[in-house]
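One chain, subunit A, links the two complexes that follow: it is found with subunit B in the first and with subunit C in the second.
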Partner chain A sequence: MTAILEIDNAFAGYGGGNILRGLTLNVEAGKLTCLVGPNGAGKSTVLKVVSGLLHPRKGEVRFQGQSIGKMSPRAILMQGIVQVPQDRSLFSTMTVRENVLLGGFTLSHHAEKEQRLEEVMTRFPIVRERAKDTAGSLSGGQQKLVEFARAMMLDPKLLLVDEPSMGLEPRVRRLVFDTLQELRAEGRTILLVEQNARSGLEIADVGVVLERGQVRLKGSGADILADPSVGAIYMGTSGRLKTRVQDAPAPTGNDVIESAPDGAS
Partner chain B sequence: MNGGLLLGASVLGLLLGGIYGLMASGLALTFGVMRVINVGHSALVIAGAYMSYELFAHLHIDPFVSLVITMPVMFLIGMGLEMAFLQHLREDREQFSVLVTWAIALGVEGVLGYFCGTDLVQISTNYANSSFSIGGVQIVYIYLYGFLLGALLMGLLALLLRRTTFGWSLRATVLNRQAAQLIGIDVAKVSAIAFGIAAAMAAAGGALYGMLNTFNPGSWYDLIGDLLIIIVLGGFSSVRGAFIASLVVIMFQEILSVIISPTWADWSFFMLLAIVLIVRPSGFFGVKTREA
Partner chain C sequence: MTRRLRIAGWLLVLVASLLFPLVFTNPATLSIALVTLMYVGLASSWNILGGFAGYISLGISAFFGFGGYAFAITLHAFNVQAGYTPFAWLPLIGVLTAVVAIPLGWAALRTRQAVFVTVTIALMLVIQLSAENLVSITGGATGYGFPIPNWSAAFYYKPFYYAMLTVVVVSIAVAYVVRRSGLGLGLLAIRDDEDKAEAIGVPTKSYKLAAFVISAGLAGMIGAIFAYSVLYIYPQNAVDPLISMGAALMAFLGGAGTLAGPVLGALILAPAQTELSYYVNGQLYLILYGALFLAIVRLLPRGIIPSIGDQLRSRSSRHVDLLEHDGHHVEGRVDADDVKVMEGVRE
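Presenting the complex of A and B:
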């Protein structure tokens, strides 16, 4: 197995303390790796360290064998790592087409951009359908798809996706996961962070549980899904760990992993 | 009420508004790009006024002509200030920025005081008071030229923002700084250049301010409140909003000063502010996307 991304004993944080405390994690090429963990575990921080929004204070981040820990977000982007962040990230008053074209901001040739745009529009028809609408006028799910489309402009070697299903209704959420699964089937390497652990792990080749800035468990997606201690995390049986209430789906009875401890019941 | 007086006040307000728009748009630009409320912006206006004044007093260069010197110089000074003092304030920018930019303003005031003294001065060109009459309204040339200059520079800025790659990066940075970073935009560079552009606009505004008013290094205090209110009304980060808000506010003020009294006119800013904040908190042109 070839690791395309290697994070080695990384420490990182904002201001005073460290959020990542000696994180070691490999992401294998061509696989979908899903990172789960409680709120504040540092999942988004891991992605920020990879995409260069945050620089590790200690430790190594290597992509295709090359150290990227000190590179700017732009330089990392040019290496082929693209991040779809947790918050809505489209430029709301620009059109869908403009947004997607901006995904190719670092491409120097206009013709190349247009060609990529054509390919991306074929892959994501919504971009063509809503090309002239402002991004802000789209629904949450549509915006997520356009964000994926924008990320595809650079044909990334590694796609980082942070909680794409957040705030979406179940049907739309399905669409987002289906899209991720298709991207994976196309052979893309994806590092996914997901609060809806079940949905995320179901489509993942590799599952990783992050807790307080360290990897606590790693295995196949199915194994992690079946691990009783993962259930414990999401059941909130260990007092300090809680899932976010507003993201918890309506209880479905058998949906152990996703039900929030202090949710709608 | 005299209709001619009212018309005169409206025209004067409109022209003066265009000049204020020049100063306020730079403030809106830096706020949009960096989320920095640059309370030192008016000190840059006064610095620009002094540059024009010194070039006029010593080298007899017309203040409209010397803009080709003062604007580039202020552009570089603005960029330098941003890189030296603001670039490092990554986290919690908004809170600290007021302190830092306040300190910058005091620094600028100090430097101006040291080199130029604290006496009130004015850029008095020989055409300072010439005017012409049209439809019974007396128009002072400087106001008209100032307005035209404001409109021209705003037009150029709009072109820059709409038509150039830099403009795209700047607008993307305004809309979502992190997303801009993630598509490969160097937001630090964009911020420095935006600050430079704002300072250059301040220089142009300063030249006009210095022709219309007497000023000294402390005059930035008088100006900043008005500019801040204008950008609140304009929706904070909208350059176009800031320009149009300037026209509206200054016209309103001039009209009030003839129909009621100049004292009331000073209050008019605050009245407008209160009304707008109650009726439409995002300003005339506020984009309502930041509530999420």
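Presenting the complex of A and C:
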């Protein structure tokens, strides 16, 4: 059990409030770890903190033993942590090939880029098939696959995947999870955030339930799925969160941050 | 269009441009040809920033004018004799303009989109005002003269034509190299979505600045040749808003972001503009020019070259579409949403 990523007692958030409140989490190399939890639990915030888009206010983030909590997103990218963002992140006016090449932008040698592109095209045939089409002309599912392909350009040591099934029709969603499972079988280390907890946990080695910015449960994906208390948490808002929203007499700044950080999480 | 056909097209245009002054010897025709070449070069260098990175500048004549003044002042300062020798100083003028563009670009590129457009216009006016007010350096409103070459009227435009052609070829070559490089890939990503580009590791700030500076340096050399050809430089002919807008308009007409677009746009518009100003009374041609601008934006928002490309592509993909639809019929799926879903699942 070697942890490639260690998050130690991290506090992070926007404005006056914290979304992560003393989160401690280890991600093991070669495994698929899936974060689930209600809206606002801090799932996406964890990814932001790891990818450098948000710096933790307190606590420590270490990747392969090295502190990355204060690094820029670009520096973290160079460390080998690549994110597949939640929303459509391809450059829609550029070709599929150009998009995938951009994934290897930080590679310094041209030959290395071309070689990686060849490997990625073999791994994701759609990139070769649609190489000259603009990314915007692809369907949502195809775009997601190209996003995975692009992330593979850097041969990432840690792949962060944020809500890959978002906005996709169920059959396409299956395809995305199959791809994730294949990547896991190839020995990739993946940190997955998934709203659809069942799909996510089914393919995960490790399941982590977040609530209110802390780890509430951690275990094998199957164990978490079987846990009766999990259902209440991941099926939308948790009981505690609901109470909080109802109790609040009027939304003050802090309440807004605590109870409705959907957009931010 | 195949690669070979494309190269043949470029070579044809190059050979035609090389032979032009030998076939059309009338000085009036050559002066129009010189202005046309000037616009081909300006539109192509504008394209490096405006087309590739999507940063629309309406102030390229700031650097066009700066190059002209820098050339006149340098020739005077080093007592360079009239004739061919001044042309040897052009690379220096290009570098000088590029160096001056660094701080200006650094400031202007902190803005985006409409604000950037406005800032570039302001930049141009600041350069024009400086030319007018720094009397001891620029000669103020009276302007600054060039050494006069001892060439016959029939021959006069030829050296300028070939000098301009050289710089134009350099501009297009630079645009080509940029487009094929990592810089070009990064600039296209910036045009598409600057924040996403930054997120994926494109050093957006330095790339934009590089495009700005390269574009300015080329415009400076073009402005220098133009100013030398008219022998006299003053604030209004050096820093002319119409030249700025013309270069941008020509690039848009042909297709901003493509290599051939700005060339094609300039070859169509520049002679038309000059002819128009001869035959239409007074400043009326400006109104026609404005109407043309509206027509282009309305009818060909992406320009000629990309529109032709779209046509070709939709013709070849129609065939594929039919096949896909056949497949769906077998599956018994007909509605549009399902087609979309199936496309996603296909592989």
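The criterion applied here is as follows: the second predicted complex is superposed on the first by the 233 of 265 C-alpha atoms of A that agree within 3 Å, B and C clash if a C-alpha of one lies under 4 Å from a C-alpha of the other, contacts with A are read in each partner's own complex, and residues count from 1 in each chain.
In the analysis below, a contact is a pair of C-beta atoms (placed from the backbone, for glycine too) under 8 Å apart; a residue touches a chain by one contact, two chains touch by 3 or more.
Everything quoted here is computed from the prediction, not taken from an experiment.
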With the two structures overlaid on subunit A, would subunit B and subunit C clash, or do they fit side by side? clash
Does the superposition put A:S72 against subunit B (first), subunit C (second), both, or neither? first
After lining up the shared chain so the two structures overlap, which partner does A:A3 touch, if you call subunit B first and subunit C second: first, second, both or neither? neither
So in the superposed three-chain picture, is A:G15 touching just subunit B, just subunit C, both, or none of them (first/second/both/neither)? first
Which holds for A:G103: it touches subunit B only (first), subunit C only (second), both, or neither? both
Is A:R171 touching the first partner subunit B, the second partner subunit C, both, or neither of them? second
Considering only touches as defined above, state whether A:S92 meets subunit B (first), subunit C (second), both or neither. both
Hey, which part of subunit B ends up inside subunit C in the overlay, 92-100, 110-118, 200-208 or 218-226? 200-208
Where subunit A meets both subunit C and subunit B, residue numbers: 53, 73-74, 77-78, 85, 89, 91-94, 102-103, 105-106, 150
Which subunit A residues qualify as touching subunit B in the complex? 14-15, 51, 53, 72-74, 77-78, 82-83, 85, 87-94, 102-103, 105-106, 136, 150
Looking at the complex, which residues from subunit A come into contact with subunit C? 53, 73-74, 77-78, 85, 89, 91-94, 98, 101-103, 105-106, 125-126, 129, 139-142, 145, 150, 168-169, 171-172, 175
Which of the residues in subunit B come into contact with subunit A in the complex? 91, 168-169, 171-172, 175-176, 178-179, 181-186, 287, 289, 292
With touch defined as at the start, can you tell me which subunit C residues reach subunit A in the complex? 182, 185-186, 188-189, 191-193, 196-203, 340-341, 343-345, 347
